[in-house]
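The structure appears right after this line, and notes come after that.
We call the chains A, B, C and D, going by the order they appear; numbering starts again at 1 in every chain.
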Amino acid sequence: MPREPRMDAALVLDRDRVVWIREGRRVRRGDMIAIGKAEDGSEGIYVHSLEDDDDTGEFRFMTSQVSREKPIDYSLMAQILIDERDRGGYPILVTGPALVHSRARADMVWFIENHFVGALLAGNAVAVHDIEASIYGTTLGMTQTGVASSGGHGLHMRAINQVRAAGSIAAAVERGIVKNGIMHALVTHKVPFVLTGSIRDDGPLPEVITDNLEAQDAMRAHTKKATLAVLVATALHAIATGNMLPAFVTNEDGSLRELPTICVDSSEFVVSKLKDRGTHQAFGVVTNAQDFMHILRLYVEREITARTTHYT
Amino acid sequence: MPREPRMDAALVLDRDRVVWIREGRRVRRGDMIAIGKAEDGSEGIYVHSLEDDDDTGEFRFMTSQVSREKPIDYSLMAQILIDERDRGGYPILVTGPALVHSRARADMVWFIENHFVGALLAGNAVAVHDIEASIYGTTLGMTQTGVASSGGHGLHMRAINQVRAAGSIAAAVERGIVKNGIMHALVTHKVPFVLTGSIRDDGPLPEVITDNLEAQDAMRAHTKKATLAVLVATALHAIATGNMLPAFVTNEDGSLRELPTICVDSSEFVVSKLKDRGTHQAFGVVTNAQDFMHILRLYVEREITARTTHYT
Amino acid sequence: MPREPRMDAALVLDRDRVVWIREGRRVRRGDMIAIGKAEDGSEGIYVHSLEDDDDTGEFRFMTSQVSREKPIDYSLMAQILIDERDRGGYPILVTGPALVHSRARADMVWFIENHFVGALLAGNAVAVHDIEASIYGTTLGMTQTGVASSGGHGLHMRAINQVRAAGSIAAAVERGIVKNGIMHALVTHKVPFVLTGSIRDDGPLPEVITDNLEAQDAMRAHTKKATLAVLVATALHAIATGNMLPAFVTNEDGSLRELPTICVDSSEFVVSKLKDRGTHQAFGVVTNAQDFMHILRLYVEREITARTTHYT
Amino acid sequence: MPREPRMDAALVLDRDRVVWIREGRRVRRGDMIAIGKAEDGSEGIYVHSLEDDDDTGEFRFMTSQVSREKPIDYSLMAQILIDERDRGGYPILVTGPALVHSRARADMVWFIENHFVGALLAGNAVAVHDIEASIYGTTLGMTQTGVASSGGHGLHMRAINQVRAAGSIAAAVERGIVKNGIMHALVTHKVPFVLTGSIRDDGPLPEVITDNLEAQDAMRAHTKKATLAVLVATALHAIATGNMLPAFVTNEDGSLRELPTICVDSSEFVVSKLKDRGTHQAFGVVTNAQDFMHILRLYVEREITARTTHYT
């Protein structure tokens, strides 16, 4: 048995043939040190761990699958998005209102206009804030720079009233009440959307499905066709959608591929929870929703340019 | 004084010159509505807020109102709970399923049995996990010590099926299918509960109100009578309830007292969000739901003993 | 292949021998349903998962090891604490200042007085706030109920000055300047403590070791004897200690037992991080530090009573 | 005007009637110290704060100053960075290792190369991971796509050993051992850096200052010259630096401007804590460190292009 064991330190054999564990800074020239280069014990040190029968024998760290400290592979995600679009896939975008509170609204419109969104699943608030931004230039009364505007707390209610007076979001777009933004892009590009209600809703807007079972059926009509899911800044909708997603997509030749699921949230909690429920294939991005959309768009644009250049 | 006050709603004057607070969707053509456009009260509505009288100009730190590093005054909360119970108040308890995943279930039953709960507002999952615990001894397949049981992932579905076969939760209690726990205590002690649905729900259980507008109305029937609100481990239900709560309770002599709101969550985010929406009087507790319930019960028991001793 | 696959739903065989996945609420009397009772596929349904070669075949969820939604086994922790004390173990307590901001100070004193602490490892702030609480009744200027006191922002500096004038914490205790609290209990009961410095420190207090390598050596002198570690509300000290802890303790008969490590934090992040670094045997508690200490003490007291009763 | 202002320190009048701000440990017997006991300025010290002039009495929401749901004004931050660079300001960059785990390393190099960094303040880990990335292509054994590499857990130790063998980071750069990255850019562009130690450190690297008081002095040498501070993904270093920063910078004409402080973290907690300690002028960005650096660079590049275009 080594004396004074700890991690991140060296095995030192002293003159009495006793093994000590010593921090690097305590090791001296001439000390006998055990050196292991192979992880499987074939060369030098064999690691035996009592826990986890399924262990491959290797000592590891940084193995948790969701962490704000892991690199985010935007390049890979950009490739997946473009591949799905170009093969005629059905990507569903599921989002919470944090995305609309921000610059990300313009990026989202870009994704819709460039055919990266097969369907949008969201709640009342996403549409309300987006339409408030279109009509009044604010979201929940905040300007684009995050400053509360005078009287701003009532603007989302006035936005709801304008749409209800028009009869529907589609009608409000057609009449020019809603001139830009996410809902405008969806209506204009005929991308289907499902707005599901919750007990937190003001209004709600006319298209919102207030019965949860009807809402689940409406969502299901899209998830069963999904070939890719991007879930941004929403615990409720992300987990509801995760429950409905197939694990695999059937290729044309009958073989299967895993349905890629990108889950973005500002904490590890939601993504880990999604995995806990059995959505194995989710890969998690712990970041701010608006930053995610902006960088993802940037990488998609670069990748499109690279592919265009390459093929010509 | 307006009747049935809440936030995010309109002031409506009826034919008897009584002012009511009404959600936008309840306002009808021809109703007399108070309209305020200026924020300073110069036009229409003057807002009087009691808060922020204590701004003394002093340099301060640790002034953020919600922090895991602030002491939690369980003693004061225990006094408020007992006072409300003893004066015949109407405390509403709003909770998420994290509370049922745990030992806190027994503490919750104690609060119900000892008349500290006027009504319970929750979602499908709270009732499902509680009933799974009663029938199978697990919550989402985990035993009380947090270990996943073999085949446990299906037990909540089996619990739902048993209640649906019985016809209702109340029937399942009466037939002895559900023998203990929160729902059992509510049914046995005739404490009303509202279970509202969401798009995440399995099942749902028979009593769950799946339409959100109906669900809001059912919640509202209790929040308008509330004299105290305790919101534990739920963002969705806490904020939905916060939207509906009056800021003040009218005392018998016509004077007002602030409606105390206790909001418990494992992160600062939900409580801060509740305050951001204008629920000034919320005081926040950043802790684990089961630990909160356990210590609160302990303090309530001590306070009851102290009062009994004192008065005899 | 089943049609419309999703999780949490039933396998239904229709008249054309096609398998559909259907939510429970869509299943009708008379439908042909696949039923599986054994998890290993021996009866009914065999689960095949492509991911994770190490999978035991069972479909699982709630398998992440650290979650605020998992039950906390205070009973088991209480038993471990008492067992270690009674077998003459060397439990080390590592804590951050959040514990001192609060009621937990009294509980901590109780643990020291009842011989549950072999050594305390902490930073300057823990001692500063504890001594401020003893002299002025505040922590960082906040009263015990969390209210900022007038002039309170300077009290921790005044506390430091008083101890520096006395020459050491021990001297300040002996001279009656520090009359109660954690540092008082440590000095009075001759429990060793290590206070390590950081670049955030005010002061620091005289006993604080400002050189990090010296500080590591001082901590190491205790960790190498440790038979139990309790890490509360500190990322810096918890991970520094985790790096130094042995994974096993040698029993008297030469056999090994895992060194139990209890890690308490208000978020999953620190505990997961500790595990990521290879501290396998850590078990995580996601809660508020003061609530943890209070309930743990309660369970230890109950267990002591139970053992006393049992053995007499 | 006092010289070298910072928080949590004393006002000392020297023989030339100049007021200096001095940490308690630098005050000597006989020094003339300003003492204030009343908070309202009636006795000793009158505190004048510019903030809170905008409290208009208006009912507001979304008023909490730090939230993941607030828009991030990258455009304004980019303008501030360029303005400070172009007026010859002294921007200090303070960062934790999460920034190096990732793509952000390349962006950081860009900022150094383009003269946006007056000095870098960080801990041992930032330099270790950066140098590991340069020598082995991994950070804590993870590849750039976040995959654990075989044997990777030891690479940061091997990186430390290589630098220690070279004698210093600067020597390792000169000898071509470290060929790229943050430390390489700092050495090559002669940008000063301070690496301060902590009890969590492996190694440490030769330049790391292991004594905390010396480390504070070394940091202070830069903070007292700072005209802008950017604090990314570090609680320890951000708060230590926040303690040392002046609130104002003196313009050439003797007038004052607030010292802008940009604090980036993945949770609201650190930024709120910084504000709680009195760093009023901090503005908080709740996002992922690598995403922040990438977008900030993008906006700075755009702004530079816009200014160039505009002025020609």
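Keep in mind that, in the parts below, a residue touches a chain if its C-beta (ideal position, glycine included) is under 8 Å from a C-beta of that chain, and two chains touch if they have at least 3 such contacts.
All values reported here derive from a predicted model rather than from experimental measurement.
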Shared interface partners, meaning chains that touch chain A and chain D: B, C
Fewest touching-chain hops separating chain B from chain C: 1
More contacts between chains, C-D or A-C: A-C
Distance between chain centroids, defined by C-alpha means - chain B, chain D (Å): 42
Approximate Å spacing (C-alpha centroids) for the pair chain C, chain D: 31
Where chain C touches two or more other chains at once, by residue number: 8, 23, 25, 59-63, 68, 150, 153, 213, 216, 243, 267, 278
Of chain D, residues touching chain A in the complex: 58-63, 68-73, 76, 97-98, 101-103, 140-142, 144-146, 148, 150-151, 153, 157, 160-161, 202-203, 266-267, 285-288, 290-292, 294-295, 298
Residues on chain A engaged by chain C in the complex (per definition of touch): 1, 4-8, 23, 25, 49-51, 54, 56, 59-64, 67-68, 213, 216, 220, 223-224, 242-248, 250, 258, 268-269, 272-273, 275-281
Contact footprint of chain A on chain B as seen in their complex: 8, 23-25, 37-39, 153, 196-202, 204, 210-213, 215-216, 219, 235-237, 239-240, 243, 267, 278
Chain D contact footprint on chain B (complex, rising order): 39-40, 47, 49, 52, 55-59, 61-64, 67-68, 268-269, 272, 275-278
